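Next come two complexes, and both contain chain A; in the first it sits with chain B, in the second with chain C.
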Partner chain A sequence: MIAVGIGPQRRTSRHLDGLSFEVGEADDLAVLSFNFLPSGFKPYFTSCKAVPTHDHTAPSHPIMLTRVQFEAACKELIATERPVEALNGWSWNEHPSLPNLGFLSRRVFHFRTTQSTSIDSMPTDGVDLEETLFEEDEAASAIAPESFVSCQYVVYSATFQVPAFYFTMHDPKGAPLALANLVRTSLFHPFVFEQTEATSFGLTRPASAFPLLSQGDHPALGTPCWYLHPCETAKCVDELMSELDLAGYAEEQRFVRWLEMWFMVLGSTVNVRS
Partner chain B sequence: MSTYGTTRHVPGPAGAASTKERVTDYHTTLFRRLTWEGTVPLEIRVDPKELPANSDRGLECYYVQAPRVSYLPLLMPEIRRFLMDVVFDEAAARVLKEEDWWFESAEGALLKWHWPIGLIYDSHSISTSIRPSSSQLHPTPSPMRLVLHLASPPTEKLLQSPSTEACKLAFMGQLKEADFIRWGNTKRMTGLRKADQDGIWEGIRDHNFDHYWRVASKVTPTAGSARPQSPVPSASVSLHNRPPSADPAGPAERDGAYNVRSVPVRIYLPDGPVLQDLVPPLLEDGSPNTLAHFLTAHIPLLFPPRSCPSTPTHDNLNNPETHDPELAYALIQGVRSPSEAEMAWLGACMAGADGWLNICIGIVN
Partner chain C sequence: MPIVQFAPFSSLIQPSFWHELTSLKVDVLRLSDEALPISGSYSVGRSVTDRESGKEIALGCNLSVGSESFDKGYKVTAGSVPASGTFKNYNTIEEFKAADKTALFNQEAVKIWDHILATRDTALLNHFLLITYADLKKYKYYYWFAFPAFVSKPAWEIAEEGWKDAIDEFSAEDLSSIQEQIRSHPSPLPFFLVRNDAKISPVEDYSTFFESTPPSSRTIAFIDPSANPTNPGWPLRNLLAYLRALYPETTSTVRVLCWRDTETHSSSWRSRFGVLEMGGVPSDEKVRPSAVGWEKNPQGKLGPRVADLAPMMDPTRHAIVLSVRKHRRLNYLRRLANQAVDLNLKLMRWRILPSLDLEKISTTKCLLLGAGTLGCYVARTLMGWGVRTITLADSAHVSFSNPVRQPLFEFEDCLDGGKPKAQCAAARLKKIYPGINASGHMLSIPMPGHPVPSASVAQTKAEVEKLEALIAEHDVVFLLMDSRESRWLPTVIAAAKGKIVINAALGFDTFLVMRHGPRGSSVRPNGARLGCYYCNDIVAPSDSLTDRTLDQMCTVTRPGLASIASSTAVELLASLLQHPDGLHAAAPPPNQDPSSHHQDSGGSVLGLVPHQLRGYLAQFRNLHIVGAAYDRCTGCSETVLQTYEKEGFEMMLKAFNDPKYLPTLTGLDKLYDEGEAALESVDWDEEDGDADF
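This part shows the complex of A and B:
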């Protein structure tokens, strides 16, 4: 079976395994529709329904993993040493009593940066930012940059059926950082938040359905975290994967490669050094 | 209540289709309205240690019959007005900072801003019922006692910001996620004009059923089904008075509840994590996915597979010995739901305003 990625601006016909289908576009996600599905065919996209081309309710999210596939891919990925820095330091965690709620976690340190965040507008919800911004104490920061603890998690997003990056960031006294300060740490690459609008509880992009960065409960721990919306990352990974020829790979290995690519894409937004 | 369940006469073939649709819409609307108008009693008391000096003690309890589909941040304005009018003097009122407020239950459980009030209440009533010290369940619902703190929110355990704006962002996000779960995309939500998107939120904020559903009906699946019969609505309706559908399977509606990819459902275990997975409306053999099947699939230890038939008949309801003793039950909008309930129907008729069907699991004593 062959991995098929879908680019948002392309419309192409492909022919694989005796199956012809057409790739189209709808909004910012692509629609995969099958003209013909032979019996016994198991779609690579496990949640994709076989539908006639005129059915506009066909699922349009290209890749979906089950919880079991996610767990297998995570464990395989961290089991072996890899040159990709993003993959260092992670460990697998299980829920104490329930199966299929596992996730990756690690703890890293970051520090304040002075670079521009390029956020178009700062919080508009009336919260007095001056009280929450870092104190501008140049002398102190020159001696010992304040370091912040970031707990990071790669969890399974039950809604979108792809991995999602959740994290917290606390100062040395244990208080969580406000968003305005969070984006001024070394956790994020410069300028990743260009053209975003900020409130004290999230970053949104005008054209996107979902906020880029917002708050949510960790799916297994239930504790409050920040998380990057999983759709953006997954979409990029699918585009990149479409350039690869994975014809010779077994299904499990394809998911491992996909997850590896996911970490690399994550690394373009988040500073993933450990 | 019994008038809702009366059998309606179905006219001849010429009018049958539209009457069937009207009957279906009627029942869907009925349950949506019941869900919308459900309320729970809350008793909100400021932590006595935090009452400023010169407060009028003895009056610091605020009672409210709060809508199940609403959220704690949306109650804060009326609580604030009460506190300012009745409890605090001017000096204290001036320093009230709502962004530092937080709630916990009388037992010390932190209450979440983004959970609908009905969910908070049901989850709490289940936790209380399984505590070893509790006596038998109260026959009438007693007010849930909340403690309101005015300062030092525990930011470790609670999402920041109880503001209305944060509440709106979270609420709209949940609506879009529900849309995605049903159809694999968010076209229905993102296709709404901005005025409509704001209208849905204003319907919640102002608790106006018609404003809310004027827009929500564009994005929520209808409960019209390809099934020959509507499901049994509630225990108060006798089985012999089933809503009539003289026609066999009507046309499957493209936007119908039984056509979705998955029903947006979450399971809340007592003191446990929130479970969420794919919930197809129909099983592989084409039969509707029921609550019993769903719960057995996900929590088999609490809902072991049963040997009784999936649809109730006159016989097996009169022979309780064919049922194994229950270990647990499902609470949906405060109602102990029958195991034959169909997931697609529940998702279309008894979901919260954010589009999600929240199932709280209780343990039988």
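This part shows the complex of A and C:
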């Protein structure tokens, strides 16, 4: 359950593809709280069909961001301290050589959640190098469990004109994790991949036109990354945003709100804590 | 009392570190295995909450290295502290295994200890050692970190009450003050002292800072990479050793603040505090203690680790995604292919030829006139040298007899009349190596002795212009055609434009490979002008193609000859490009001692730069020939070139149509007359036969 908000709230109830949630509005933050259904809770984002129970005067067209709007919304979002975990630790980066192609980035730690395959715990490949010539040390504690480093990016997808979440994950040796081990880290919520088909290069859902998770080059850095398909998240955010009354907001504020919502939605697939 | 157990450092390597090491090794280090200084960094310990179990999981004491670790002016990010290190990369796995680890480790420990005693400085207390072996072809990196820490005998023990939260020892205001002082300190402060007035100072100021502070109010502190509540981080060990060495009287009991706070908006203080005591009679503080600290591998054993980056690089393990993103993946793989090709070439510079200028060769744009046996082999060999721009021109289509002798063609290329040879060859080059800039042009080269019918004049003019444009765009022209006279036009154009011309021609079991000399007007003073293909001719090139039998028409050669000649041609070019004088390189002096250094005696770093080579396959022998330029040459004399430059296509047309034009222009016709006259003037002594009978 994700619930954030301060101040007086107006609540409306919605059903969204098997999950019920409440969309409220505080003075300065959208409130999104998921109520768990007794039968289990699996938020997918294939078809978000909101069933309105009352009229709304707010505009409901999908919001397309331009690059400039994306940049402004990102900078506004990270400028102030937020109590939301998803928004912590991000910094704005410019493209190495070209203007207006910037993106958000941060580095977080994750760890293995279930026993992974032997790909990561590789032996020294037949090269027997074990040394036993060193004295025992009674003043050293046990080694901590292996942690993985994830470099995360929020970039602007020119194709879909919405933000996209790109990331890498590597082990302490500096080797990127294979997909099989990637999905077993604390980066992903356990239920996210339940109905997906995996190959070595991506995950797809049977009914979906697009792969959920695939490989691609970072749009600005050119380095190989994983990314979540952007229009899945964007579609959901649009649906959720259409329930909010944004009539009183300036355009820039709408985009900031939209981006906040985007992070929330992202947080239901990906563990977005810093 | 329980012995203090310190949390060891865990190495954390960014992938960029390996990429940087690879470039460094290939371009700078090469075969050197000398120790290099590097830098790493660490920051306060962190823990994460496992969402599912609710448990707090302490992350390891990470000491991190990345590509910036090799930089001289290493700067840490805010909140981190730097650690200096010694780095040694071995050239073979055997050397890595056989390296005397104990000696290396002790060397670092001695370095740290001596530094403490000599400078009283804390700079090396978190110094580390890293040994590596990089298998660049398999993208595997073997490595082992060591974090030398002096062993305290007797061991340190934690007081009865154990470790507690720092907030239980210091007030919140004091902790905030300490945090602010750390943050505003001009340089990162891995170790510091704290007084009862919450002021902090570098450890080096111990005597003055604590002058009027009673021992019960003196606290030593350090940025603690451990997040474990009962285990302080590894850097504390050497800090304690430092204090024991320099201030033994006041440090048998030590108050320790493990600093673990950086963010300002955290709700609670994470730093820890404890009082440590020597667990017995302290040993002689001036004797260097033994040290421990080789990093254990994830299996808990003392041994090196392997980072296998091959799965990231190996295209077959990551199948290409069938989506619009395919081209991006291919671009990435193409970059990898480029690196691999470059690697092979750069290896030559490690030991064999450090002064080889590979860039010079790879950036040379080559035009290959002829995409037959010679053209295919020349193109392949040029690719081996890393040449990035190869253009082929040919007038024919691939025929059924071609593929076995012309290695860029396959059976399917012959079907349906056959693909155009030049374009087909270029496409095949791209399949072999996608990074190549290869193109092919269907082009017929007009020839002297083959008159141009008036209906075809416009087309011929267009062909000449196309050839002129191609030659202008490239640096080197390879003449690889199958007839003598077809080489004339490109010879003239290339000479006029000052391009390098490499000429290769095949007989049945003999070949000629030569370079054309520069044009007369550009020859340097005191330079001898070397000749071209036609310089030794006293007749103009004429029609050698019509009225030939089948075996005279096809260039019948011993199959091995083409590759020998082509390779020789490319290697001649490579040597020429390495020569400081390039196109103007003089011919090698005669009777040269084969063992002399070619660079010193007129050659290049690759060796000789001969003018002409004639190969005799029957004897497996090459003859080196020097052909001087001929001032009445139909191919490269100034008369011809200047007439071409003045009259252009008009002059060309005359040469194609009128067999007497070139001899007249150059004065060769006079030569015949002179020759006849000379013959006439010889006074043949008419002797009567001896009538013996």
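What to note about this one:
Just so we're on the same page, the second predicted complex is superposed on the first by the 184 of 274 C-alpha atoms of A that agree within 3 Å, B and C clash if a C-alpha of one lies under 4 Å from a C-alpha of the other, contacts with A are read in each partner's own complex, and residues count from 1 in each chain.
In this section, a contact is a pair of C-beta atoms (placed from the backbone, for glycine too) under 8 Å apart; a residue touches a chain by one contact, two chains touch by 3 or more.
Predicted model only: the values in this text are computed from it and were never measured.
Of the two partner chains, chain B is the only one touched by A:101; chain C is not. In the superposition on chain A, A:109 makes contact with chain C only, while chain B stays out of contact range.
In the superposition on chain A, contact is made by A:220 with chain B only, not with chain C.
Touch criterion met: A:158 reaches chain B, while chain C stays clear of it. Once the two complexes are laid over each other on the shared chain, residue contacts for A:186 go to chain C alone; chain B is not touched. Once chain A of one complex is fitted onto chain A of the other, the partner contacts of A:176 extend to both chain B and chain C. For chain A, the partner that touches more of its residues is C, with chain B and chain C as the two candidates. Residue overlap on chain A between its contacts with chain B in one complex and with chain C in the other: 125, 127, 159, 174-176, 178, 199-202, 211, 214-217, 222, 224. The touching residues of chain C, when paired with chain A in their complex, are 3-8, 10-15, 17-18, 46, 48-52, 57-62, 93, 97, 101-102, 140-143, 151-152, 155-156, 228, 231, 237, 265, 290, 292, 294, 296, 298-309, 311-312, 317-321, 323-325, 328-329, 331-332.
Those residues of chain A whose C-beta lies close enough to touch chain C in the complex are 81, 109-111, 113, 119, 121-122, 124-125, 127, 129-135, 137-141, 143-147, 149, 159, 168, 170, 172-176, 178, 186, 189-190, 199-202, 211, 214-217, 222, 224, 271, 273. Of all the residues in chain B, the ones that touch chain A in their complex are 99, 112, 155-161, 163, 165-166, 169-170, 173, 176-177, 180-181, 183-187, 189-190, 254, 259, 261, 272-278.
Contact residues on chain A toward chain B in their complex (touch as defined above): 26-27, 29, 47, 49, 57-61, 67, 95, 97-98, 101, 125, 127, 158-160, 174-176, 178, 199-202, 204, 209-211, 214-217, 219-224.
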